[in-house]
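Starting off with a structure, shown below.
Labels for the chains are A, B, C, D, E and F, by order of writing; each one numbers its residues from 1.
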Amino acid sequence: MKLKVINPNTTASMTAKIGAVARAAAAPGTEIIACNPARGPVAIEGHYDEALCVPGVLAEVLKGEQEGVAGYAIACFGDPGLLAAREIARGPVLGIAEAAMRAASFLATGFSVVTTLSRTRIIAEHLVQAYGLERTCRHIRTTDLAVLDLEQSGTQARQVILQECQRALTEDGSGAIVLGCAGMADLATDLSQTLEVPVIDGVGAAVKFLEALVGLGLQTSKRGDLAPPLRIFAPKHPSV
Amino acid sequence: MKLKVINPNTTASMTAKIGAVARAAAAPGTEIIACNPARGPVAIEGHYDEALCVPGVLAEVLKGEQEGVAGYAIACFGDPGLLAAREIARGPVLGIAEAAMRAASFLATGFSVVTTLSRTRIIAEHLVQAYGLERTCRHIRTTDLAVLDLEQSGTQARQVILQECQRALTEDGSGAIVLGCAGMADLATDLSQTLEVPVIDGVGAAVKFLEALVGLGLQTSKRGDLAPPLRIFAPKHPSV
Amino acid sequence: MKLKVINPNTTASMTAKIGAVARAAAAPGTEIIACNPARGPVAIEGHYDEALCVPGVLAEVLKGEQEGVAGYAIACFGDPGLLAAREIARGPVLGIAEAAMRAASFLATGFSVVTTLSRTRIIAEHLVQAYGLERTCRHIRTTDLAVLDLEQSGTQARQVILQECQRALTEDGSGAIVLGCAGMADLATDLSQTLEVPVIDGVGAAVKFLEALVGLGLQTSKRGDLAPPLRIFAPKHPSV
Amino acid sequence: MKLKVINPNTTASMTAKIGAVARAAAAPGTEIIACNPARGPVAIEGHYDEALCVPGVLAEVLKGEQEGVAGYAIACFGDPGLLAAREIARGPVLGIAEAAMRAASFLATGFSVVTTLSRTRIIAEHLVQAYGLERTCRHIRTTDLAVLDLEQSGTQARQVILQECQRALTEDGSGAIVLGCAGMADLATDLSQTLEVPVIDGVGAAVKFLEALVGLGLQTSKRGDLAPPLRIFAPKHPSV
Amino acid sequence: MKLKVINPNTTASMTAKIGAVARAAAAPGTEIIACNPARGPVAIEGHYDEALCVPGVLAEVLKGEQEGVAGYAIACFGDPGLLAAREIARGPVLGIAEAAMRAASFLATGFSVVTTLSRTRIIAEHLVQAYGLERTCRHIRTTDLAVLDLEQSGTQARQVILQECQRALTEDGSGAIVLGCAGMADLATDLSQTLEVPVIDGVGAAVKFLEALVGLGLQTSKRGDLAPPLRIFAPKHPSV
Amino acid sequence: MKLKVINPNTTASMTAKIGAVARAAAAPGTEIIACNPARGPVAIEGHYDEALCVPGVLAEVLKGEQEGVAGYAIACFGDPGLLAAREIARGPVLGIAEAAMRAASFLATGFSVVTTLSRTRIIAEHLVQAYGLERTCRHIRTTDLAVLDLEQSGTQARQVILQECQRALTEDGSGAIVLGCAGMADLATDLSQTLEVPVIDGVGAAVKFLEALVGLGLQTSKRGDLAPPLRIFAPKHPSV
């Protein structure tokens, strides 16, 4: 099956990293298409960035429908454009925040999110509420790391994240950690071993849950709330 | 004070109607700028439409900041782009759903929403949850009317809406009605008199609440969650 | 339009201060009647005080209905007698806690309340729950200040409140402050400038929102839950 | 032990009925004082009535503290003045709505309330929310019966209530019924036998729970939220 | 009336202590049967222990139905098997967590739980949610005490619990304490006097509330959700 | 990988059906062990049945830990023993209700459950609340079918279920259906095609989600709430 993993920002190195993590998680028969919009914000660090990346994400989904894509992952922790994408995709569409948080709730009674700048906390907080996870998500912990800091000399970023994870375990009493940025996707396995609790990256989780849903023959419901748009407005530039 | 009322869709007749209602509500010293994006969906009837109209809405806000606009109303009942607009505006930004529903909660212990096609109910439902109004909003009632039906020979549309309002009073036990589409803005006063309960249109409510907030010298908070974007990504075409 | 601002306690200096703030906020055509019951508690600092001030508040509303009052503000942060007053008033009735907290939610995704003695925290907490603002109100911060302390040599009280506001910004991550006592009404503008975030006083907010609602021609719903009392029990002394 | 059962309205026949039910429920060593304020509304059928009866209720509690009363029941389904009474009473104070609804939640996973006029439904609804019983209370059912109708030729009132109880069982799937007015207190046992489910009257429930709490040596907490008033404002007439 | 107090673990000294506390609380005419399953976990300190003790608890209830028992208390703070027991008992069945927390909510606007090992906190947390007490329970405080530590040289355990109670009052602002383990039942009166707030033990509370419900002639609802099992599966050994 | 699918009741034909559905869903490399306790209730149709089946379920998990099982599905819609099983299993443990409802929330904004006898509705209702899905689950629909009815001449049962699904689509406005009993597992694909919406069986969903979690190297958290029992109480008979 063909799965498309869409990095909503335009930073190619991040798309490459996300693609690698997705491929490492994928089952033998799964083909991963990793992509990002041609134009748009270089990083998603607020509501404005989120709003501006969505048309590019949707353009990638529309293209995917032509390419026979069986399912989509939106690889930004704010899950931007999720319900809009579900209106135009036949197969399932998962956001990585949703996938990671639901994976955590299968493995622990409480989890903490460790994410980037404190200015994005509110986005995660609103998702936690929308997904009905207010009792399971014990804390959203932010760091001083911007999204693009994660694309550089990783060592120090990893250290900052590790420390915040440790605080999550001792101060929040959480049993699992959700990494709150697609740019952290490559750290999950290593942190999991160091901390001896599940540390969950949403890119891998989304790929595996998509394989699960597609494997069951399940598609996005087209009845009612997520019915196809009455008319498809096509922006001039597929990426914006 | 200058207030900008943004119709997120590109249907000029609707912008004109919204502008007229806004001007009728405005205080003597208030100048209303009514506008809509140059390109985008002709009506907002689902998540995809909503996502695609937002860049145009935000472009109008960015332009407004150059024009000395003191406050903004987003004149579509889904309040599309609200938090993103708040990141880039100095003055207050109100969505018409938010304004109408909060006005209703000042006047009655329970209200019903009467809106357009049933496919958009989920958008109103998610707003009710996000705004903490699940106990006050007793029912979201949909009709067979598409947004653009409201731009035509009004008589029959008015009749359908009136009947649904009457059902809201008798079946939901509601004490007030919120009209769930900017295209219904011109019906509020008339329905209010017929039904003898407050019937609230969000365009007027948003204009008056903006005047109130601006009059108090209050602006959108720029600390934390709604801080200005780290970088402004400017789409090629101001309207998309 | 005539608006009546009712101070539920019997401390005349506080009524004067509230009246001044209300007049400063009011639009040119608005006449403010500031009053307080002739008998009752000198300050409202608990449930008992609240219960005992309500008959006096209601007597003022009944009188206002004879005087052609278009809307009422109840100027005590516990919003005492709000629903009872709505049963007997034609026009809108707003509590200052309600008005301030809803204003804050138009301007920020999270706010803190800074109020008086810790013994009154529970009253604010119950209002936050009743108004559906549990997710938006991040903290209710109390001080050692009694209501009547605010009527004296203001300097030190202002300092205590300022410090608590600063803690709200750094510790709660709030983007706005709601002042939790009518006795603080005169501090809002000054604190707003010092702190560079919206600091909201409910007296001003209630006056402007009343002007907005009355300006839209909206009145309190008389259908169902807020229908006029079946019989008006008139206490012997209009003020108790 | 001395327990005081306060009927908040001034209808003596209802006080007598409530006293009889309380005495029938009481244990051998319990002395029941049934009383009502000398002045106030004759029936509590809305927020205004509620507000006006509270000073009289509180005067009875103050008097009770002189008389060595060990606990108080407020015998009106809106539990008027409950927290204010707890500030001035040493012993426990229970409202009959609270007592009846908590009794029901000990005996069934879901209950319905059957009460008087539909205009009072909102009061019961707000109590259900405040007491955290939104999941357990499945429906609040109203009838055309005013409070004072229950003081007359009972037969027809009983029939109306019985039918509404039957609907509660079949339509709401409830396992227990809570009678939503002190004036129905004498019907509980008979309806319980007819319907073969627990039908709970709050007067009896409050008396027995008071005996339980007093028997355990437990009193109302005087620390923090319910600390005694800073000063006791004494209304001129003890009953208002 | 005969009341059965079931200690779900197999530690006889704890059953004896629970029985003594129950008898001290009981009214003159009440006979207390204190018992524990013959086989099962020696202490309930997690979900596994809870699951394994339930068949023994239910066997005791089945036996009690033969013995003319009028009501049951399940004397473990996790209330294990509560709804299952209600399916097979005619009379009321109360868990001690439920009884203690509801007693606390009659006496204070907020309470804290002080319990044993931190690994059992999640069980109390889930009960608080299930019972609708998330707003009233301000904190669940754990200690380093295992259940069986409470059966030994009490002095030090008492000291640890006292300190945690004091923290609850100063840090949580709670007005009452709920003791979170049947093994603490004998400490309530003494701590109550030392701390001058209600300190509530669930064993005594359950006994008194059972007396109250039985005294009112109320039994567990047998309609719908708690109807008797379609068939009674009898485990080979009554105690497992 | 070895996955164990545990039917908590002792009806072998149901175990066989569940095993077949699990194998049909499993990926090539997955080995399915389908089993049921040797002793216990023949069907789980209430809280008592649930409580009595759990020791047998846990015995199967303990055995599985010896057999190198990588993950477990508890194949009864009440998810009996879920948290207890997570304390003793290294790998992930999923209940079929949890798995099916979370799958539905990936594919639709609202779903309905179609289940067996109305007496089990309360169990599903409590799960919906515990899993934070109160906004997504629009209705729990019951039928007159007992669990064992599904083991017989399927035709009529399928018809009853189909009709209830159709009502869910038209009356509840749901976009997906969750089948509320493991005994319906074989109907999902067929109903999905007939109704043209996702119809989700939890057995298949649990198997695929287990494959996903195990594939990501994720195990049940052993820190805090789900730490292994302090001591393992071994019932005499592995199946009880």
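Convention: a residue touches a chain if its C-beta (ideal position, glycine included) is under 8 Å from a C-beta of that chain, and two chains touch if they have at least 3 such contacts.
None of the values given here were measured: they were computed from a predicted structure.
Visitor: Pick the pair from B-C, A-B or A-E whose contact list overlaps the C-D contact list by over half.
Guide: Selected pair, repeating C-D: A-B.
Visitor: Could you tell me which pair, E-F or B-D, is linked by more C-beta pairs in contact?
Guide: Between the chain pairs B-D and E-F, E-F carries more contacts.
Visitor: So how far apart, in whole Å, are chain D and chain E when each is placed at the average of its C-alpha atoms?
Guide: 27
Visitor: Using Cα averages as centroids, what's the distance between chain A and chain C in whole Å?
Guide: That gives a centre separation of 44 Å.
Visitor: Where the CA atoms of chain A average out and where those of chain D average out, how many Å apart are those spots?
Guide: About 52 Å, centre to centre.
Visitor: Of all residues in chain E, which are in touch with two or more distinct other chains?
Guide: 83, 109-110, 118, 121-122, 129, 135, 173, 224-226
Visitor: Which of the chains touch, listed as pairs?
Guide: Pairs of chains that touch one another: A-B, A-C, A-E, A-F, B-C, B-D, B-F, C-D, C-E, D-E, D-F, E-F.
Visitor: Could you pull out which chain A residues touch chain B in their complex?
Guide: Interface residues on chain A, with respect to chain B: 39-43, 45-52, 54-55, 58, 81, 83-84, 86-88, 118-119, 121-122, 126, 129-130, 146, 224-227, 229-233, 235-237, 240.
Visitor: Show which residues of chain D lie in contact with chain B when the two form their complex.
Guide: For this pair, the touching residues of chain D are 118, 121-122, 129.
Visitor: Of all residues in chain E, which touch chain D in the complex?
Guide: 25, 27, 83, 92, 94, 98, 102-103, 105-110, 131-136, 169, 173-176, 189, 192, 196-198, 200, 204-205, 208-209, 211-213, 215-226
Visitor: Hey, which residues of chain D end up touching chain F in the complex?
Guide: Touching chain F from chain D are residues 109-110, 135, 173.
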